[in-house]
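Following this message is one structure expressed as structure tokens.
Just so it is clear, A, B, C and D label the chains in written order, and each chain counts residues from 1 on its own.
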Amino acid sequence: MLSFDCDYTAGAHMQILAKLAETNFEPLPGYGDDKYCESAKGKIRTACALPGADVHFLVGGTQTNSIVIAALLHACEGVVSAQTGHVNVHEGGAIEATGHKVLSLPARAGKIDAGTLSAYLSGFYADESNIHMVQPGMVYISHPTEYGTLYSKAELEAIYAVCKQYALPLFIDGARLGYGLESRESDMTLPELARLCDVFYIGGTKVGALCGEAVVFPHGNTPKFFTTFVKQHGALLAKGRLLGIQFDVLFTDNLYFEISRHAIACAEKMKQIFRQKGYEFFMETPTNQQFVILENEKMHALSQKVRFCFWEKADESRTVVRFATSWSTTDADLAELEKIL
Amino acid sequence: MLSFDCDYTAGAHMQILAKLAETNFEPLPGYGDDKYCESAKGKIRTACALPGADVHFLVGGTQTNSIVIAALLHACEGVVSAQTGHVNVHEGGAIEATGHKVLSLPARAGKIDAGTLSAYLSGFYADESNIHMVQPGMVYISHPTEYGTLYSKAELEAIYAVCKQYALPLFIDGARLGYGLESRESDMTLPELARLCDVFYIGGTKVGALCGEAVVFPHGNTPKFFTTFVKQHGALLAKGRLLGIQFDVLFTDNLYFEISRHAIACAEKMKQIFRQKGYEFFMETPTNQQFVILENEKMHALSQKVRFCFWEKADESRTVVRFATSWSTTDADLAELEKIL
Amino acid sequence: MLSFDCDYTAGAHMQILAKLAETNFEPLPGYGDDKYCESAKGKIRTACALPGADVHFLVGGTQTNSIVIAALLHACEGVVSAQTGHVNVHEGGAIEATGHKVLSLPARAGKIDAGTLSAYLSGFYADESNIHMVQPGMVYISHPTEYGTLYSKAELEAIYAVCKQYALPLFIDGARLGYGLESRESDMTLPELARLCDVFYIGGTKVGALCGEAVVFPHGNTPKFFTTFVKQHGALLAKGRLLGIQFDVLFTDNLYFEISRHAIACAEKMKQIFRQKGYEFFMETPTNQQFVILENEKMHALSQKVRFCFWEKADESRTVVRFATSWSTTDADLAELEKIL
Amino acid sequence: MLSFDCDYTAGAHMQILAKLAETNFEPLPGYGDDKYCESAKGKIRTACALPGADVHFLVGGTQTNSIVIAALLHACEGVVSAQTGHVNVHEGGAIEATGHKVLSLPARAGKIDAGTLSAYLSGFYADESNIHMVQPGMVYISHPTEYGTLYSKAELEAIYAVCKQYALPLFIDGARLGYGLESRESDMTLPELARLCDVFYIGGTKVGALCGEAVVFPHGNTPKFFTTFVKQHGALLAKGRLLGIQFDVLFTDNLYFEISRHAIACAEKMKQIFRQKGYEFFMETPTNQQFVILENEKMHALSQKVRFCFWEKADESRTVVRFATSWSTTDADLAELEKIL
């Protein structure tokens, strides 16, 4: 069946599989100390234009979020996030399981803004009883957000300025970073984004890899004992090569960006198809996730022919659903979708 | 350079890579709900002769140990383990990070015995002040152990009988299970072992897979909310297919057992080479890890030509080192090793 | 200086101090196994008309909240609370430090209502992706709330009915329980309240004791290993007598209720004084906490003569402040307050 | 019945009760911000001859140990302790509940020695795989130990020198500190001890108080957010006065030392009584706890007339029991004990 339900329905880019096969019998040291990890880190540093950056490879998104957040926070600190942020909603309490509160702020289209953040922080520090409260310890945003929306460079600069004012590290969850950077509405390059935060990750799982996320500490600011911390959280892969090789391929000859661009082009075509067919959009989103409002009856009929993702009820008779493209979407997929719609 | 340092220096069995490539563009649901996971689970149930067993796929060993242990224990309970057990020594405090004490027992060659366990437990319950102490909540053993040794069926039965007497679940860490079951000294089949515990895992990472461990709850006794718990601990792979496909291949046509047998055969040959060359063994071990005592000078010379693993100092002038074979060891490797020695 | 800032500014009721002195040299067993704890538990059971109830004495409110909540929840569960609930705001992340999320619901005057709770729960269980989310595991309310408001019997019954429908335990934080039960607007007795929840506590610290909270499991439903859990959380007092003696005195001859009634009478008088002097109230509250809106200038002038508690900004020029009476408030205090206002 | 079972069977020194009564109706701010806490802190600083020390009051011993340890350790660090240390045995897993391993060292008579500590640490840092292990993060000793034994000044200096060499903070659990300092075999004053560690606490619960332990950071080295951390762990007493007043009394006119000296004098008399009656001692201890070996029959007979504490089995027919004196032991108690023996 045709599948537009999410961006992790296919395996990996074929060049990754080829490289895994090609290198398969080279004996390599474990735990990420191999030459492919080293090479991939170098290429990521170059792509970020950050020769002094630290790069670490982890396996998945929830794991990365909880490890980075727990590694940065003091026991009395929480992470500030949009109420709709992945860490606040869809990670099974992974953040709280490390002992930290998610301090949620109201969001619009998945985004917080500098004003709201600043008001919360100035209010917090003005409150005499804040010694009895969870201290804000860092700020988390996702880019693209869970709603496929993007921060503009000006918005991100404003947020980062507030973070700096209060000495709070800013963490950008880039599970779908490629799809953000290659959006036609993006006004930021990877090096620019990398300079507007204290840690971020480049998502592999949703952008061409079997698994894997590359955490970047732009200023060589890896927290103390980080490798042991990763191990303690069950995230230190014995065969670190699996991650190193994948990112090495993804960051060779701009593959990561090219396949992201492809997904965006597909999303734009898909958007046009929906528009031409008269479908109503739930919100404008410039990345690979598109949210469409369907009559419930129509939704049930469609679901026999194409997989998409339930998002939320619009009202009693209509539902918001998500259609996602990815690096693996083909022209044939889109043609078939058009036919079905 | 020749590599005998551990059993995770190569990638994956080529049949696994082939299957990953073959299935790469099939759109599959995420989080382990795909047909390959289903198929692999069925084959593992068959291999265990346990039609009612629950099977779950996790990514790595430390992750599996900490998740299974934390999922089974009450907050006031600890896990009983050999002092030399992996969970007590080499997992960066992963068990304690979930809030639980490792209650360590003296071990011999990596093994605890039923008598020691029984004495500890009867002493604990006889102590009136035990309400102020960590309650024993489960027993952990590794098979093969960290020293490559094996429990005999009688030893395991005796341990399990004590566990049952005190209503403590028994958990077997099978990170190298294949190498244990296929040892010439093993007197247990997989179905027999599966009946002598309450949960165990079949190691993939060290036995032919890129990553992955298959947790088996023999009696369908998966703890409540287990999937959410796995997610919360960052271990729920979005592309669950990566694990399902690997185990599906490993449990097709007995591949898992065959490649394990191969590693054992290589280990036996290697043992003979060492013996013929007059090397001294640190201990007798019937599996894929061999521990040899080297003069320090000899050790430094050898280390220029072959990778092995530092284990511990024997005395001022001699060192215990480990040589490990695996599914990927070749006759050529052994021939070269012989030449070097 | 005159003090109306909170209900824990004085020591303890003199009968408590007298009893502590009187029993001081009796050698008693530790950890709550003494006869005064036993006696106090019996009297509390009688006051609750619950002969089968379990009673445990803990030291303070935050401690009690975090221990009871953590003892009742599975690792994947969170506690549902009003957004303004003490556990969500003013306990320094004590709940999250035990690994659990506070699942906050919108509140009105410190209260949640059955409809909101029901809508949240039915929405949660209807969401197919809830396996990736924190599971609701219990419901927490405070009575009186942090705003001094009360649940009516009908409101509590409705909430408890929803809890039962979803098999979620209901926990009532009674840090100020006496002031709630003795409010003129209360339509519940202690035995009635005790039957409308699964666990609650009777606050001592704010109602006449030096410290101490009495946790009641109405149906003998103390969780497994509870004493060890209390010990593990640093809350098992060596000299348990300190808590037992205090509650024994408080529950002799209705002292707890009498001193609560006194605080309420004082609050009513205080309310009248404010009203007569033309002060504006922030909200109507029937218990010992009164919230008044002051011009900032007036506030600064008043603060030279009487202690009260900053609550929140009303607007740029006005502030909400709290005046609290307690068991120790005297007529002289009120007369002086009247003079000052 | 005559009671020698432990040193917390009585209430508090009468001067404490008198002061609690005397100050009872003074309105005081909460959470330790009152003048009695301030005064007590000043007196403790003076007693320690450390004008720059930070002093914090907590409620009980397990609570103090777990809070201090968790506040000082990084998530990847554990606390080094004697195998027999209270934190390793009798605190219900309180340390592990905060996520940290207790790294236990072999002990003699409750004590570790500098040589063992040094050997462990040098071994740890020499082990290349230590990145996969719990990092030693601090050292914990109790003084007196759980066996009533004492470190000599030279022994403590040697341990502290090792700690400094490895930059590990040293924490002294002084639950019975008074009884240690006033022992005839003590060769250290409080100021001397305070200079030989990075944090210690002065036990109140076992030395004349109803409850309360005074944590001292000798160099003003309180960890960041400590008050919020205390709150988060349920240990911030609303009526902090209860602790402040008690320590203010204990550190006025040397009361703490005098009552400790009294307990020691009683212990010496008791020792003589046992000796004269021909009882065998389990070990020589210079403080208020004495360990005697009893024939089991004799033990049962004695237990009808005097309370003592089971310690451990000596062999099949004999048992080690503990008799403890305290600040509240009287000459009459000793005379009666002599009669009974």
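In the analysis below, a contact is a pair of C-beta atoms (placed from the backbone, for glycine too) under 8 Å apart; a residue touches a chain by one contact, two chains touch by 3 or more.
Because the structure is a prediction, the values reported are computed rather than measured.
Looking at which of B-C and A-B shares more C-beta pairs in contact, the answer is the pair A-B. The greatest centre-to-centre distance from subunit C, using averaged C-alpha positions, is reached by B. Between the CA-based centres of subunit B and subunit D the separation comes to 42 Å, rounded to the whole angstrom. With each centre defined as the average position of its C-alpha atoms, the distance from subunit B to subunit C rounds to 50 Å. As a whole-number value, the distance joining the C-alpha centres of subunit A and subunit B reads 33 Å. Under the contact definition stated at the top, the residues of subunit C that touch 2 or more other chains are 75-76, 91-93, 97, 99, 131-133, 228-229, 231-232, 236. Taken together, the subunit B residues at the contact with subunit D in this complex read 75-76, 78, 89-93, 96-102, 128-129, 131-134, 310. Within the complex formed with subunit C, the subunit D residues making contact are 1-3, 5-6, 8-12, 14, 17, 20-21, 23-30, 59-64, 66-67, 91-94, 97, 205-206, 210-211, 228-229, 231-239, 241-242, 307, 328. Those residues of subunit A that touch subunit D in the complex are listed here as 70-71, 74-77, 99, 131-133, 135, 224-225, 227-229, 231-232, 236.
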